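In what comes next, chain A is part of two complexes: it sits with chain B in the first one and with chain C in the second one.
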Partner chain A sequence: MINWLRNPWGKPRWLKLITIVYILWSIVPVAIAILFAFNAGRSRTTWQGFSFRWFTGASGSVLHDPQYQGALKHTLILAVICVAVATPLGVALALGLQRWRGPGGGTVNTVMLLPLVTPEIVMGVALLLLFLRVFPEIGLGTPAQAIGQVTFTLSYVVVIVRGRLTSIGPEYEEAAADLGAPPHDQLFRVVLPLLIPAIIASAAVAFALSIDDFVVTQYLSGNASTTTVSMLLYASARGAPTPALNAIATVALLITLATLTLAFLVYRRFASGREAAAVAALDI
Partner chain B sequence: MQGEIRLEELTKSFGEVVAVDGVDLRMPPGEFFTMLGPSGCGKTTTLRMIAGFERPTSGRIMLDGSDVAQVPPHRRSVNTVFQSYALFPHLDVAGNVAFGLKYQKLTKEEKRRKVKGILDLVRLSGFEQRKPEQLSGGQQQRVALARALVLTPRVLLLDEPLGALDARLRKDLQVELKAIQADIGVTFVFVTHDQEEALTMSDRIALMNHGRVEQAGSPREIYEGPETEFVADFLGVSNLLHAEASADGGVCSLRIGERTFRAEQGDTGARGEVKAMIRPERIGLEPHDTPGDNRMPGLVERAVFLGGAHEVHVRVVGGELLKATVSNDGKPLTFALEEGSAVGLHLPPDGLRVLAPSQPPPSAEDAAERPVRTAPSM
Partner chain C sequence: MAFPGVAWLAIFFLVAFYAVVCVAFGNEDTLSQPVPFWNPLHWNAGYVLQVLGNYWHRGPYLTVSIRTIEFVALSIGLCLLIGYPVAYYTARHAGRWKGVVLLLLIVPFWINYLMRMLAWINLLAPNGWGTRMLHDIGIERVFIWLGLLSARGGWLDGQPSAVILAFVYGYIPFLILPLVVALDRIDQRQIDAARDLGASPFSAFVRVTLPLSKVGILAGCVLVALPMFGDYYTPDLVSASTKTSLIGNQIDEFTRQGSEKVTGAVLTLVLSAFLLLLMFYYLRTTRQATAVAEE
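Our next item is the complex of A and B:
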């Protein structure tokens, strides 16, 4: 073993070993959780045979339990709202920031990135107070949850779109202006078409972030009807859950993975590999 | 005839840095005008101001008599061929070429005919449906040219358009570009750092340095009559010599090393410490100790046979190294070209130029002292 690790000719093998151990460590628990979504029995620890009963069964399954159905539906509604608002807003902000030269530009740039590093719980608490005290007419519930999710996904959209804007450079806009296009046409005939890959990618990331989010969504939820999948998972994990919980987690995971894979493929189709890798790295 | 540009006191500063420093230039209509200079000399910034991408700090840009300095780029009837072409990657060749026609009042049929006509001119018929990424560098360059020319601009601006091409293609396109310009008669304002390119293509050259115009004129005027050391050094090969100028019966007498020379070219009124220059092809190489005026001895340090000529490096008595070219006209040489042989150098008075000192680079204090007119707001 020690001799194998030494390997004086290639890359150090202990680095390889650490990598393998880490990958196993991070994937195996998820794989086991997914596996038990297909358990034929009620146990989440003892394998009792393969079945789809927790996905599509007549009772207590993801498909037929109203609680699970509601959570899944609410999760998707929030995700759609979040994407629909955060994407255009983020694109507009990115375009504005890109052109903001002069005093204040640097500060604004930094502030835009703050949500990426702010602990989510801090943002959750702050937004909770905001909706209870400052905007009580909004209150808690779906609108508050949507606003909260937009608030922190916006930064991701801005970062992705700005990355693309930087790599595009100012030249295409100048060319459009040179050929007679007024500012409106420079944007709609040239810049936005060139931004399409970044817009699709950032929309997908916003979608995935919305589905995965727990802290902000939990804090700003109103009643049982505003429960999302992640909240449901959290609430029932400590009760007496059935493998249906694993099943709904599996569904959420698949939606997220599918969205991000799609975004990655679309982005790679249009943009250079390095940008695509940067977006992939954001898929936390 | 349309397409005249006059730059008056044109200045652009980026913070502390003065990129263009009071440039006055006239670019006559229908001419191939080149702004030549080393990188950072302000030529591209000047071009970008004419295009409208940069707003001048002060000064005027007169296009056919009206000041366009504060007109946004999309309302100027000048078009640009960018260094990297900036072809829209999401549009095909026809889409790129037709892009600007949307802003001209033309029928669909007229637009179609114009696109076809211009693609014929740049020999790209049949490439309408190609995307820019499917074209070679030379083809992309021609699309960029077509996209700008189809709008029949009064002036076409070209920012080192051949810079990204390999040497052979560059030569071909130089000829082609010049032919197109002569054919359609649009004023071309061409920016390059390649002196050979400038000499072969231009009707007129402005040589720039440190944000100012050092000298402007026809290629021949500038090559034959450089006024400053920078111009002499940048354009072609020059021998530069330290000299002490004095008046000697109405003519300029230069003391170079131990000898005096008569100079008839350049700033012959200068006195005191000056630089003198002579082109290698103007130096006469002779046997050692040939009698006569304007002659000095030297030792051959290196001789390179170039086929059509010999390039001979001669160390003269003062210690300076002069380059001389001896054309290979078939006659036997009257002197030895081996390393270390003694030869005579004839610097004829009509080839010896007295140069004005080059302007120093503008410093921040200089810029502050000069009254800077603020640009009127739009």
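Our next item is the complex of A and C:
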């Protein structure tokens, strides 16, 4: 401390200060929002004591208010569909791209990466017009929302699985082939078991992306019954809602955190730390 | 094996984007619903010309587009100002704390963007903890004096400064991580060499570290610019005023909420074309920078 007073510009001191202030700034507001989910009163700005009433109370809570309950249920349904479709589709696409012989592989690879750099509003508008004008029989609503989420989650699954495929290398598969395993066995008894950590990690990332998605889900929502937690946050944050809004956001956050932590632990169990960190950073 | 995935992307990404083009070059029916023209030979440029005319005659679309560019540029500048020191510390000075600091830098990625905005809406409400704190420590007065805030406690009633700060808060994690990676890759010996050759710490930073981190700076800027340019929810949430309406708000109003879907599709194309140019510029600069670094 005395050292710092003598030379406040001595190198990393002020860098350290900025970093600490930045980290506090990035996390404390959310921590306060979580705190207010446990407020005993109706205010989201004045602390009135601790309670679980906005989570489990008899009226107006996440558990019992039909609006909140419905949004949470719909969010989870979409996330489950998204994982169930995007994971197998993405794993197959990653394997297909890895084995792609002949022309077109580069183009497919570029198109596969495009959703990662497309602003969500462009995808939202594109899918909205697609479902209104090309597939009016699907229309807007749950199926459209699930399709939209799968479309942008797919790229993440492919990127994660391809990373793992590259780090495994072709040796195991070649060894299996040399020992006379037919292609089917090479895939199901050698490659897929080796891919399990990547599959679990990509499923978790898809789940988290689906829960946190807002733009595409909102654009493809049909009516009030297809409202998700994110949409509820957008629609009522500026209104005069109760701390139940903070409570439902907290519940969604806990689900996301639990999923990602689980995936991170599973992945680290099987793969190197660097790869696991890359997967953790991918959830954007 | 790739077929289902390729078909999925073809239909729901490529055809969907083609639908935007065909609606933009299409027409409206009597109920003002969009009628796409699928055959490029039948395309009707009327709506596109109307939008371009609006830009040419300095109409409202030009106003929101320029405002969008201003807001995004200022936000990226602030992101760099805050993010570079944080990334620099994390990559080069965090020592045994590096893992923990990195984890803390990743935490915001795991929190829903809208929840992070909700947190600030609660804090900056007229009687919120944040508003009171900013008042007590005098920042509110400084902002009013600088003309960045129009009234005491009025953070959320249509302040451009609030939207820019929300952008910074929302997107800065995307900028810091690629910067950490880029700064982490710099070989300490190159900096030591500059110092041994008589460069001051400042000069070594400006002439060695900064150029070597250029690729990371650019990558970070692109990663925050892309979502910011398409953002409509942040201004809606922290301002809800037409004074801070951005191109995303205009598109959202026309396509999702309203019935001017054709004009909305044209504006989506304008935005996409602009971002495509930005991406090309980025890829070219990165390739040049990488080529220079390898020489």
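Basically, the second predicted complex is superposed on the first by the 272 of 284 C-alpha atoms of A that agree within 3 Å, B and C clash if a C-alpha of one lies under 4 Å from a C-alpha of the other, contacts with A are read in each partner's own complex, and residues count from 1 in each chain.
The definition used in the following text is that contacts are C-beta pairs under 8 Å (C-beta built on N, C-alpha and C of every residue); 3 or more make two chains touch, one makes a residue touch a chain.
All values reported here derive from a predicted model rather than from experimental measurement.
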Please determine, from the superposition on chain A, whether chain B and chain C clash or fit. fit
Should A:160 be classified as contacting the first partner (chain B), the second (chain C), both, or neither? neither
In the superposed arrangement, which partner chain does A:175 touch: chain B (first), chain C (second), both, or neither? first
Please indicate which partner A:194 is in contact with in the superposed arrangement: first for chain B, second for chain C, both, or neither. first
Tell me the contact category for A:204 with respect to chain B and chain C: first, second, both or neither. neither
For the superposed arrangement, I'd like the angle with vertex at the C-alpha centre of chain A and ends at chain B and chain C, nearest 10 degrees. 100
Between chain B (first) and chain C (second), which does A:255 come into contact with in this model arrangement: first, second, both, or neither? neither
Output check: A:126 vs chain B and chain C. Expected answer is one of first, second, both, neither. What do you get? second
What is the contact status of A:71 with respect to chain B (first) and chain C (second): first, second, both, or neither? neither
Larger contact residue set on chain A - chain B or chain C: C
Rounded to the nearest Å, state the minimum C-alpha distance from chain B to chain C in the superposed three-chain model. 19
Go through chain A and flag every residue that touches chain B in one model and chain C in the other. none
Complex contacts: residues of chain B adjacent to chain A: 51-53, 72-75, 78-80, 82, 84, 86-90, 99-100, 102-104, 147-148, 151
Taking the complex as given, what residues does chain C use to touch chain A? 1-6, 8-10, 12-17, 19-20, 23, 33-34, 36, 82, 85-86, 88-90, 93-94, 101-102, 104-123, 125, 127-130, 156, 169, 172-174, 177, 201, 226-227, 229-233, 236-237, 240, 248, 251-252, 255-256, 261, 264-265, 268, 271-272, 275, 279
Over in the complex, which chain A residues touch chain C? Could you list them? 11-12, 14-16, 18-19, 22-23, 25-27, 29-30, 32-33, 36, 44-46, 89-90, 92-93, 95-97, 99-100, 108, 111-112, 114-115, 117-130, 132-134, 147-148, 150-151, 154, 158, 208, 211-212, 214-215, 218-219, 229-230, 233-234, 237-238, 245-246, 249, 252-253, 256-257, 260, 277, 280-281, 283-284
Hey, which residues of chain A end up touching chain B in the complex? 171-172, 174-183, 185-186, 189-190, 193-194
